[in-house]
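The following pair of complexes shares a single chain, subunit A, combined with subunit B in the former and subunit C in the latter.
What follows is the complex of A and B.
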């Protein structure tokens, strides 16, 4: 063994350690960016409230000595902050769920909605809206609960169908796609038979939006989403190994079938939790993982947190643009995520030398 | 020699289609055993049953005298390394990351400096350290095979299972891969079971050869004993000429398929 060889060894170890540090810094950078954008977003909005007053209103809650107005306090604390936090939580959930589902199904076209989750949620919400307005009065939590239940119901149906074939990836995806069509058809029926008011409500729900954000929702979702995200991250190594094929994963001690069900369930829960409140917000769950894959590579230990933060950032920027660009009206956030996300995504697609989705 | 691995009366079927029927094989510590036989004879299936990637319906695989059905998958993965025929994933990883995956059986979540050191050493041992930051799907067939071997070695296994390690490789890479396997066996007393199509490489590099035919063990023994005219005709339906080379191992020159087989 020559000295040159020993030097080479340290070189490859050093390169790896340096790359790892870079990835950690990128994730920290995303986090800092998210905090900065969040604070900036609290100073923006339709209400005539300057940046200085907005920040004062925030700080006044922490430092009681500071002066603020009731108006500023209400705008910032009751309207803007819950909405900003809801955007962050929703973007984070969709980013994490998208990454995990792509990883576990080994398919770059998969999004959090692939297993029919969005169509299921939409169908549940549609039924609730149709029944709710005509029978019970528009019960908000009736709609949310129904969307959530239908979304998870879809996932369990997909599992049940695919179980017959030993939860093969293709069966899972195709069962999800098939059920999506069934639910979409149901929504079409609902739209067709409902009156104008109900129809309007359903269409609004389908477009998705964060305008209904409230503190109680944020407080309910924050712990749930945090826990599920951490649980999902625990499977990072298994997801890495599974990307090399099921047999290799099994030979490296991964119980493939079990991990697949667990990770898909966690992702479906994340997705169902947020879309039950916000309606269908598209594209984040697809663009955010791929953006981070292009920048960081495919190691899920880094990819999952990065994609979550990236999703939060994209959705927050989009939603802030939605509520401030054409004041005092709002643009639906789904439109904005596409207009901001697609050019960015296409840029990465073209710029990137490596084509990892071959 | 200590017995490392025992395959005891193992049977396996895919759905209703029988793939292995009552296989018995023993492998010693530091021994290279080649599985040969025609396509569909059950070579790959047997390797997967040994590693419990597939669960045999009947029979037992013993690892150091312990029934592998009673070990958990992580423990098996610490002892047995499996090297499939070259496959890449949908989402490519760098070579360093691919080999690091071999540490998965030993890891919780954090990668220790020792894990990184083992990966770097393994890459150097196989002469592919300069590929560390390249992506798996950019490599040539021979390089890929070495990376897959590196991943299995990073597991620090006592048994290596290889599924046709030399198919799709040029003759230089074939020899390099086989030399590496021989070196490993000599240095670390690893036991090797490999499925082989190239009978001459199998003859030259293995202590023992197992001929599988129609889901059963057809013949077992040293290359000199097993690789003869009659066995090859019966197992493959091929007429061969057997030449004894300088090292005394039989070398087979295929002549023609036996006509009555068709």
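What follows is the complex of A and C.
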């Protein structure tokens, strides 16, 4: 090997390292932004609780010497923090799931929505509510459980259908779209035949929201979501290779079919976990992967964590706006995610001239 | 207009109920699905899911003399019914006192049952006036702050809703009266800060009101993290009520319960449950069945 050759390698290595550093900084930046926004959100709300008092209430739990009022403690620890954490967890899960699904199916239109998972969950919840189970009390867990089961069921149905014809990507997506229509129709029937108050509960659930966030839910979801996210990230290399085509991936030793099933199942679990509790929150799973791909490129090692953080950030900002804009009245969060996310997304779409998909 | 009508289709639950207590249940030949009280109306044919979703062929097939509809019934539907030569009578909601009385009077005149109608109106007015007279003199500081929650979590009612009207009539102050949305979802911390003296909860829907269900709804409020520290929960002034006590003549029973919860001293002599029994016995020829409020 000549000296010139070695030098060239070092030069490209340098570029690679520099780019990697940039990406790591971007992810760190997102993380810092998320922490800052979380803390800011803790000081905002309908109760007239100043920023100082709110922060005092947080710190008082850690430093027992500090004085705080019972009222501030309840507002911050029982009402604001669980909700903020729930927004972060939900946004993160939807962002990660969306990225993984888009990566594995090599299709920019894929999201928990298009694969029918959201419609499945909604249908499950709708059936539970129509059966006369209340959103309150013990019934709540029945609705959550039903939503969870139905969205996983959807995933397996989509798989089973595509299996029959070989796992062609189009089949998967078409099966997902077809099933969502079926579920939407079922929800429509339930809405049509339900009496007024039941109808309200179904619509309420369909709108999605984070105001029912509780510590129990956060504590239950935190380890589950962390584990699934880490597991998903372990498939980053496989996803990277698969993005250059399935034949290429197969020739490089990636077991394409197996990776696809595992990653999609992980994504389905992730989605099902959160939407079962929050109701349908759309758009995050689509917008955060695209946003991050526009900035970072298609390396899933960076894309997955960045997209998770971006999802968390968008949802947290949206939900905080929902809580505070016309307080004390709450705006449904789906409205806000679209109002905040869409202009941002369109801006990126127009500004970036590069074709960032393939 | 053919009066009295021999064959009536009623697309409004409140009107169906009133026709029955006027003693004209036999005239009903079709109903909306939510017309389910008193029990005798449940035997009638369902020709509409709601006042908006009407099965026109089924409706016309019953050859009604008259169709009772609401302002929510689409104009196209009304036109079609009238094109078939059937007059459409639009009635108001029976969730508030004044429209209720008007509707009772209208239906009474229509069915030649003016005397019966005036009797019911007398009963309703008697108790409404009783509540009014006693709460009118209250000073603002004597009126409890009330948070009313519908079946959804933190879903409440602002001014110009029947819930607000009932709260005001019963001598309370609705904490959400000034909200811009009619049925808003409000933030938990705001409710906590307003610190209501009384919390009312509408019983969960889709369930037969058993003591267990109402108790579960109350326990949920009593232990909910945002409400646990409110004055209402600490004083145990959390009440669950069934939706039926806010519709038709039974709304006076709901009103009496609320007034008594807000001002126990002022309404010491009133027994809402006995008034309920009297109303059902005399006008509906029914015995109260099940449970309507919790705790009783």
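We take it that the second predicted complex is superposed on the first by the 341 of 358 C-alpha atoms of A that agree within 3 Å, B and C clash if a C-alpha of one lies under 4 Å from a C-alpha of the other, contacts with A are read in each partner's own complex, and residues count from 1 in each chain.
Note that in this section a contact is a pair of C-beta atoms (placed from the backbone, for glycine too) under 8 Å apart; a residue touches a chain by one contact, two chains touch by 3 or more.
Because the structure is predicted, anything quoted here is derived from the model rather than measured.
Partners subunit B and subunit C, brought together by superposition on subunit A, fit side by side with no clash.
By the touch criterion stated above, A:79 is placed in contact with subunit C alone, subunit B being left untouched. Applying the stated contact rule after C-alpha superposition, one finds that A:71 touches subunit C and leaves subunit B untouched. In the superposition on chain A, contact is made by A:47 with subunit C only, not with subunit B.
When both complexes are overlaid on chain A, the residue A:130 reaches subunit C alone and has no touch with subunit B.
By the touch criterion defined above, A:220 lies against neither subunit B nor subunit C after alignment on the C-alpha atoms of chain A. With both structures placed on the common chain, the touch criterion links A:192 to subunit C but leaves subunit B unconnected.
In the superposed model, A:349 makes contact with neither subunit B nor subunit C.
Nowhere in the superposition do the C-alpha atoms of subunit B and subunit C come closer than 42 Å.
In the superposition on chain A, no subunit A position is in contact with subunit B in one complex as well as with subunit C in the other.
On the subunit C side of its complex with subunit A, the touching residues are 33-34, 49-50, 53, 150-155, 176, 179-181, 184-193, 202, 204-207, 213, 216-217, 219-220, 225-226, 228-229, 243. Touching subunit B in their complex are the following residues of subunit A: 5, 8-10, 12-13, 15-17, 19, 102-103, 106-108, 234, 236-238, 240-241, 243-245, 247-248, 250-255, 293, 297-299, 301, 354, 356-358. Residues 45-49, 70-71, 74-75, 78-80, 129-139, 192-198, 200-201, 204, 209, 211-212, 214-215, 323, 326-330, 332 of subunit A touch subunit C in their complex. Subunit B contributes residues 48, 51-53, 72-78, 80-82, 84, 87-94, 96-98, 101-102, 104-105, 107, 109, 116-117, 119-121, 123-124, 129-130, 132-133, 135, 137, 155 to its touches with subunit A in the complex.
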